């Protein structure tokens, strides 16, 4: 048994099993960590995602595999035989058959593997608990609600329209994804295209939540694209903002926002929830948790819970969520031309969303008789608070005394609501 | 089939943007109404200081916070002295 | 498919599906939030419960439904057929049959729905993980233990008898619940009556724990009643206390409590645990976690863990617990005459418990030769620390220099142990 | 049947109150005994300062606490200065 | 039914059911708590373990039993019959048969018990979620990584060899465990022996992780031994260190360590991970989480997450982990001659590991031309940071100006990596 | 059988110690190489201060920390005054 042991050990070594794809994905993971650590690209998410990516591609270990995957990876021949028998295929096709199994067959295969003593890998368990259930992105959304001050939006509700316009990036991307199907190698369903499109929402938890429901296989690429482009907002947005506005428009100084009462702040999340209940129940998980977190914050009577949502819970969940997303960056799923398509579409999504927001800003500029600086429309893509800061910066370039930050916060947080609404529409129509 | 899918996508785009704009437009007016109502009843805008601090589980909170801060400040001073 | 999409979207809108019951429950949820935020009614629990109530009644979304409920809500006809076939009923009766399924049939129906791709709603998942398992109320009880100082009780153990007497409210309520069965519309089993009775324990986690074991369908109403009346203690108790005591009794000044050594504080939770082990193992989960939390606190060597139990854990669990309890406030379960009965019985429970505590206080007043102020008996209902503060306030009315707070803390924390013991009895006899 | 249930309820009431009083009475005496024993062995009532701080995982705790507090106090001052 | 109730209550009392073994285990739990509280023996773990031990041995309650165990404990006769039928044994043998069931039979028995309404006990649930899955020890290992400063090791990587040598304690113990099989009452398999051997790693989470995979039944004894001996390091190590070194060797003053750059600290965890990926994927869960935690710490861009890993997460997980380990201290599993063997082997493991580390230190002393103080080899067993402090203390005895603490930190943290590597080898060869 | 198991155990010991030493020896050299490379590119050793604080979710963090500390210090003082 010892020779068998040594042989087993050698067979268990990474270098004896490392595939090119896995090596490439390890480099991708390293790149994500590099971007997070050295370039400050959304490190709270991209560092765990990058690390999870490396772990998911450790050969043999199968950290991102379910119990059936573990059986396939290191299973004894008799166990593989049992699995083949269960799936009704010859032994040579068991791997492919298991990969395509779903519904009752997958459940049965998992039960068999579990009874034979194979347990799912660590990252798979994280994914199963945190993302499959939808719980992790929703808890993060609750934390976002508890961290967000909607005052600017309440003071000037018309900025909600800027948050609406910027969602055009989502739907243009949807068209783009379907258009890509004319190229060989692309075969996006309407569900796939919808999941990809949500990148244009510029909102991480919403993107992860929707992708986990509509296209789990693409989740890794979608999350990476969403967070990467959010980090690139300061580079992507300014040229578009400058191209679409005149110097005079950019110089517009906006009047100070009125103060907002505590009661308004308490009623705002309840108002949003009520409208969601009446008109778009499919957005209820997202809008519900966002407004719940915000109510914890604004009610003023549950500071313990508000702080927990803003700190302990969001931090712990972010760690698990990041590793779980990373688990979807397995070579065989990520290394495809579709991923390149998703990355390209993501860039388009941000550009179109920004442009749509700015154009809507120009409309409001006209309608308001010049009181609205169209730049703030760019903040409608969300990417809170980076997009608002970018608006402020571009505004300052045009007029050194023009601080647009607070005015951009309105469309900025409106964009969060807007993309949750868009996600609700996609879930209702495509996910039904 | 493909052009069919494309058509569906375009339809979804119009539907989606319509609903997003519709929903947020309704929200604009609802928030305006809410603010107007709030302003009218502005007199009640101060949460009455609840006569009984509500949380059973907060019983020893205050003392603990004081203790934690006391310890923290002491350590901070020690660390400055060190 | 697009027309189908629009049709699906309209069908998916809340206003097209909102039932009267759901609308009413949304108002109930709003009322709970109002009481929590404006009136300071136990906001840590009632705010999440109220919000969970609204979410649970969002039409179509089915946030509080299990996977079978999701299938019934939005399932395709062929899937409904499969379910009907599984349950052995015609399609027209599948909803009713699924609602009554339990045991193996329910397991099979859930597996079918899961294999067909239906996933339980967010709130159902929270409930399933947090309350069905009993874990959330037990973790909160651990936190209560870590937050509670039992010194006053150790210094004067005889006050435990006051905590015992106040549990009479529990058992009178049990009789009351059974008596209600003479009215049409009421059909409480012994298990139902026991779960309702525990409201008289004035202890939230104990009530939720017991109700989840004995009468999950009534859990929502029971939890709402328990926390609401706990918030109303300053209104409910004083008249009863004044009616049952003489001015002279209320003026009794009690001698100062002796100091308690650290060793006693460490041994106290172990002592309680040992007695529970010997005499009432069915109370072991509750008493075990309470004394564990208290040992973390008093041992002085695990401050990291004690602080975690008092803060991070209890806060995070409270959020999930509150939303989970709210998920049980679905219209079809909550809107019944039984709920009104539970609310009425809850009021009786608090009144009887207070009265029994005060009367026992009078007994101790006599026996001790006038050294015990009978008012402190009212604190025996627990509702820590509110009941003790009420005692202090009523005592100060009678004698401006009579601070009873510390003396009332003894019976107050004794009431926590007392109601856990009562819960253990009910579990052993009724839950067996 | 109903009166039967009622009887059971009354029985449960007596049983329950009996056990609650019984349990807590035993607890009264046990705690008294525990306190008496503790008083007798009062000399050992001070936890000996453990010569080795026990927590492997606490290794960098102290430094971190100091760092956190230092930062916090600095921010507090900055915020006062602002 | 009331007489039945009283009878049921008496039958449900602990004193009517307390077995000698349970009483003994309650005393063992009390002893662990005493050691934790009064002697400062690793209280963060041993206090929860001790408390969990008492809870697991509460008679009747079955807090550490799965749903099948609950059925056996308090099941109705007809349910016991169903179980017997399922297992294909007569009613009289159902207890034994259920105890030995595994694989598909166990799954079926659990499903039956669940469908009949029996739910697993609280501690079993904790164990199932926290340890069976491997998640809790891995999250603690992440916290250890986030709390550990590897600077000393990076400055002097050759000290890794001291961490390697000290793992000899592990493999000698493995031989010892197999040798014990010559005595009646011992029947350790290679998997059992491997799980026991890991005590020599002096690393709690690694020991719990490996034992949960290779020998869950022995996990309680292994964890207790590991943490107890870690607390005894200041007593176990010094005599061995003095016996194996000369006064002159102990007086060696080592040159100050070079400063380590931030970039090195960031690259170190990635380097370790890469080697693990290439050469020992079976150690990937342990090494992965350790290096992930360390990267969170050193990257400097995710302080929120690093603090969460060091505090909230590790504290909450420690509580659950401790109680879960305690649940494995049930009388029928713990009270056996094998436990005594494990305790004896654990002592050997620490002694041999210490000796091997010191001897390797002597080799490095020679090779380096006397620059290395051989005492620091003793820190290679890990037991961070206690072993390093012991080295410092023994060094100071020999030379009052010889502070070895920083030099001992290198081998000390190397020992953590070393035992994770050893665990990986054992998993690959034995667990395959 | 038993001696067979013993043999396996001895084999596992040699294998295990071999791999532990092998792995850690490779690690020694890799870390040395890493440090050498790092020293060569030491000029880039300072993380460029990212012009955009990256965390969307940190938006209100600073203000909260200040608020918490302010409150804490106020309580601490109150507790000293008391």
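Things to note:
So that you can tell them apart, the chains are marked A, B, C, D, E and F in the order they are listed, and the count of residues begins at 1 in each.
Heads up, the rule we're going with is that a residue touches a chain if its C-beta (ideal position, glycine included) is under 8 Å from a C-beta of that chain, and two chains touch if they have at least 3 such contacts.
These figures come from a predicted structure and were not determined experimentally.
At the interface between chain A and chain E, under half of the residue numbers appear on both sides, which makes the contact a different-residue one. Relative to the C-alpha centre of chain E, the farthest chain centre belongs to B. Among the remaining chains, C is positioned farthest from chain F, on the basis of C-alpha centroids. Averaging C-alpha coordinates per chain places the centre of chain B 34 Å away from that of chain D. In whole angstrom, the spacing between the mean C-alpha positions of chain B and chain E is 42. As a whole-number value, the distance joining the C-alpha centres of chain E and chain F reads 21 Å. With centres set at the average Cα position, the gap from chain A to chain F is 27 Å. Among all residues of chain F, those that touch two or more other chains are 8, 12, 15, 19, 47, 50, 54-55, 58, 73.
The set of chain A residues touching two or more other chains comprises 5, 9, 37, 40, 43-44, 279-280, 300-301, 304, 312, 425, 429.
Of all residues in chain C, only 103-104, 106-107, 133-135, 138, 142, 266, 270, 273-274, 276-282, 284-285, 288-289, 292, 295-296, 299-302, 304-305, 307-309, 312-313, 425, 428-429, 432 touch chain E in the complex they form.
On the side of chain E, the complex with chain C involves touching residues 5, 8-9, 12-15, 17-18, 26, 30, 33, 36-37, 40, 43-44, 47-48, 51, 54-55, 58-61, 63, 74, 111, 114-117, 119, 121-122, 125-126, 311-312, 315-316, 318-319, 323. Touching chain B in their complex are the following residues of chain A: 153-154, 157-158, 160-161, 163-165, 167-168, 170-172, 174-175, 178-179, 181-182, 189-190, 193-194, 261-264, 267-268, 271-272, 275, 279-280, 300-301, 304, 414, 417-418, 421-422, 425-426, 429-430.
Those residues of chain F that touch chain E in the shared complex are 2, 5-6, 8-10, 12-13, 15-17, 19-28, 30-32, 34-35, 38-39, 41-42, 44-47, 50, 54-55, 58.
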